[in-house]
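Here come two complexes built around subunit A, the first alongside subunit B, the second alongside subunit C.
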Partner chain A sequence: MKALFRINLILSLLFALPFVVHAQDSRLQLSSLDHLAAKANQTVDVSVDERLMKMASKLFNDKDVDEREVKKLVEGLKGIYVKSFEFETEGQYSAADLQTIRTQLNAPGWTRLVNVTSKKDGNLEVYLLFNGDAVGGLAVLHSDLKEITVVNIVGPVDLDKLAKLEGQFGVPELGIEKTKKNDEQ
Partner chain B sequence: MNTKLLIVVALLLTCAPVHASGDDFSSVVKMIETFYRVKHEGVPFLAKAGMKVATTAARIKGGEAKRIAEAGSIKLAVFENQAFAGDFTKFRASLNGALNDTWMPLIQTLSAKNAEQNYIYLRNAGDKYNVLVINIEERDATVVQVTVSGKNLALLLKDPEGTGKSITEEATIIDQE
Partner chain C sequence: MKDDYLWDKSGQPDPEIQKLEEILGTLRYQPKPLELPVSRRRSYFPLLAIAASLLLALFAAGVWLRVRNQSAPQPRQAEVISTPSPVEEKKPEQIIPKVVQQEVVAVNHKPRHRPVPAALSKSEREEALEAKQQLMMALRLTTEKLSLVHRKNTTPANLIKNQHRVG
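Entry: the complex of A and B
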């Protein structure tokens, strides 16, 4: 009976393992925001998946200083995903829309590093996913009355790297460098 | 036949955009036609576009512009002065459904205010890459497929919106000179 219980336990753990591994994946499900495109003035959807990341890291030339820098930035990354919605008027999205993203960022491993609330610039939240000591991903959630932007970088990344990626690979200017400097002061 | 005319005809034949058949490019053109009940321009316009491509290439030789597409790789379909009215979120879903197995979506921008949609997809093509750029506005639309080198794909990845626009302009630029 004890042996049967043990086998059951081992089998249950084995079946559960893929779900545990999945929980540590830093790819966020952003499709819950897609319905906002119908109301938004401007929608931007960037998707640089693992296949493209691998392709990209081969394309940049080591001999060129700028390209070497970009290559270093993207090496090891498994994806960059951006969704951004700009609205003509206020109240076009609900708290529930943001909550679908925040719920994922409340999962084990995710830590909120930055949380800035400003009347002028809206709310900026930056989250890192830790797999043990290693960083497995990053998420930025920016919202104000007329805009929502979510940036999700899958793979080893930090704020320095994110700041350098701003304006490239479809990553919008988020003012991360400015926020970092303000935090340091 | 006049020799000069022969040269022009030969140039047009070599530079005119290739009209795709039986591939995703054609499927996308057909999808736009079905969804929006529009028709893309016929051969005379494409020949004109070929002249534009040839002119652009000549300019590039003079070092005034940078050519992104590999020579002879441009497939172009243009829709002019027709109504593109319809739910763009539904169109986007159909497009992604049709292309996502063989193409990698890079960037998609939708503007409800300006009734504008832009899509850029990529796929491997041996040691080069195919780029598919779809632009739909209120009255006009363009579908361009080009083959690019790794170096130019790197440009596209660094600045998807800017380079995507350059690809469309390169295929359809109107020479005012």
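Entry: the complex of A and C
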């Protein structure tokens, strides 16, 4: 009977393993915001998983420096998910909508790097998920009176590579590299 | 009459004793090999328990995968749905659309967990092109937001605040 108990225990642990792994995933559940699409003036919904990302990365031209940089950034990622809603009028989303996202970002591993609040641009929060010393995911939560945007990048985000993207393919200049160079001088 | 027969079987036996010996002799011990029960019922309980555990684990894993796939947002198309405002509806000739106002119908691509082939077929290439567009849109939006953070965060007041945070 003891052997049977041990076997059952091992099987139970094996059974629980996927749930534990899933719990450490940096993927956020954004479906709670879907109801806002009906009220929104403009909706952006991007959902690219690992397989699609690999397929897309095959279309990047290695000879082109810019595309090569994007390909490098994307290579290690497991998914990019964006939900953005822009409204005609104020007060179309509730604090509870934001709270569902923030609750997930309060989970162990997530660290809020930046929290910027301004009257003009609303509230902007940047979170990183750390697996030990490595970055396992990125989340950006932006909310102002007429907009709510959540960006979730799953996988090892290389912020340096992301900074290199500025100014390419319509990606705006971040000034990160310049700041670094200025600091070095 | 000697009674030695009862002790060592010597002498004349008593007929009654002989008769008793004959009757009881049938019950005498006869040496023969021990016979164990041949058909002992085997217990299948541990095997059944293991099989049941495996089936339960497989079933649970199946349910989990199904729930996971359902909870994941199915549409992989970038949706840019622009609803024209009432003012725009009144004067459509004055509109210079910044975004192409078309309703992109989301296509449900069921996640197919298979390796990406080296050479893409026509349909896969189309799928990859859509994915690339989505990817670029996501990166653009991400960097826009990060740019906003950067702009807000590099004002002199915030720099001082950050320095205090760092210590």
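Criterion: the second predicted complex is superposed on the first by the 141 of 185 C-alpha atoms of A that agree within 3 Å, B and C clash if a C-alpha of one lies under 4 Å from a C-alpha of the other, contacts with A are read in each partner's own complex, and residues count from 1 in each chain.
Simple rule for what comes next: contacts are C-beta pairs under 8 Å (C-beta built on N, C-alpha and C of every residue); 3 or more make two chains touch, one makes a residue touch a chain.
What you see is a predicted model, and the numbers here were worked out from it, not measured in a lab.
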For A:Thr149, is the partner it touches subunit B (first), subunit C (second), both, or none of the two (neither)?
second
Partner chain in contact with A:Thr43 - subunit B first, subunit C second, else both or neither
both
Which partner chains sit in contact with A:Glu88 here, subunit B, subunit C, both or neither? Use first/second/both/neither.
both
Touch check for A:Arg51: first (subunit B), second (subunit C), both, or neither?
both
Which chain, subunit B or subunit C, is in touch with more residues of subunit A?
C
Tell me the contact category for A:Asp160 with respect to subunit B and subunit C: first, second, both or neither.
neither
Under the stated touch criterion, which partner chain does A:Val70 make contact with: subunit B (first), subunit C (second), both, or neither?
both
Mind working out whether A:Leu59 is in touch with subunit B, subunit C, both or neither, as first, second, both or neither?
both
Check subunit A for residues that touch subunit B in one structure and subunit C in the other, and list them.
34, 37, 40-49, 51-52, 55-56, 58-60, 70, 88, 169-170
Subunit A contacts subunit C in the complex at 3-4, 7-8, 11-12, 14-15, 18-19, 22, 29-31, 34, 37, 40-49, 51-56, 58-60, 70, 73-74, 80-82, 84, 88, 114, 116, 118, 121, 124, 126, 138, 140, 142, 149, 151, 153, 162, 165-166, 169-176, 179
Listed in rising order, the residues of subunit C that touch subunit A in the complex are 46, 49-50, 53-54, 56-57, 60-61, 64, 68, 71-76, 78-83, 85, 99, 106, 109, 111-114, 116, 120, 124-125, 127-129, 131-132, 134-150, 152-154, 158
Interfacial residue positions of subunit B with respect to subunit A in the complex:
87-89, 92, 104-113, 122, 124, 129, 150-151, 153-154, 157-161
In the complex, go through subunit A and note every residue touching subunit B.
34-35, 37-49, 51-52, 55-56, 58-61, 67, 70, 88, 168-170
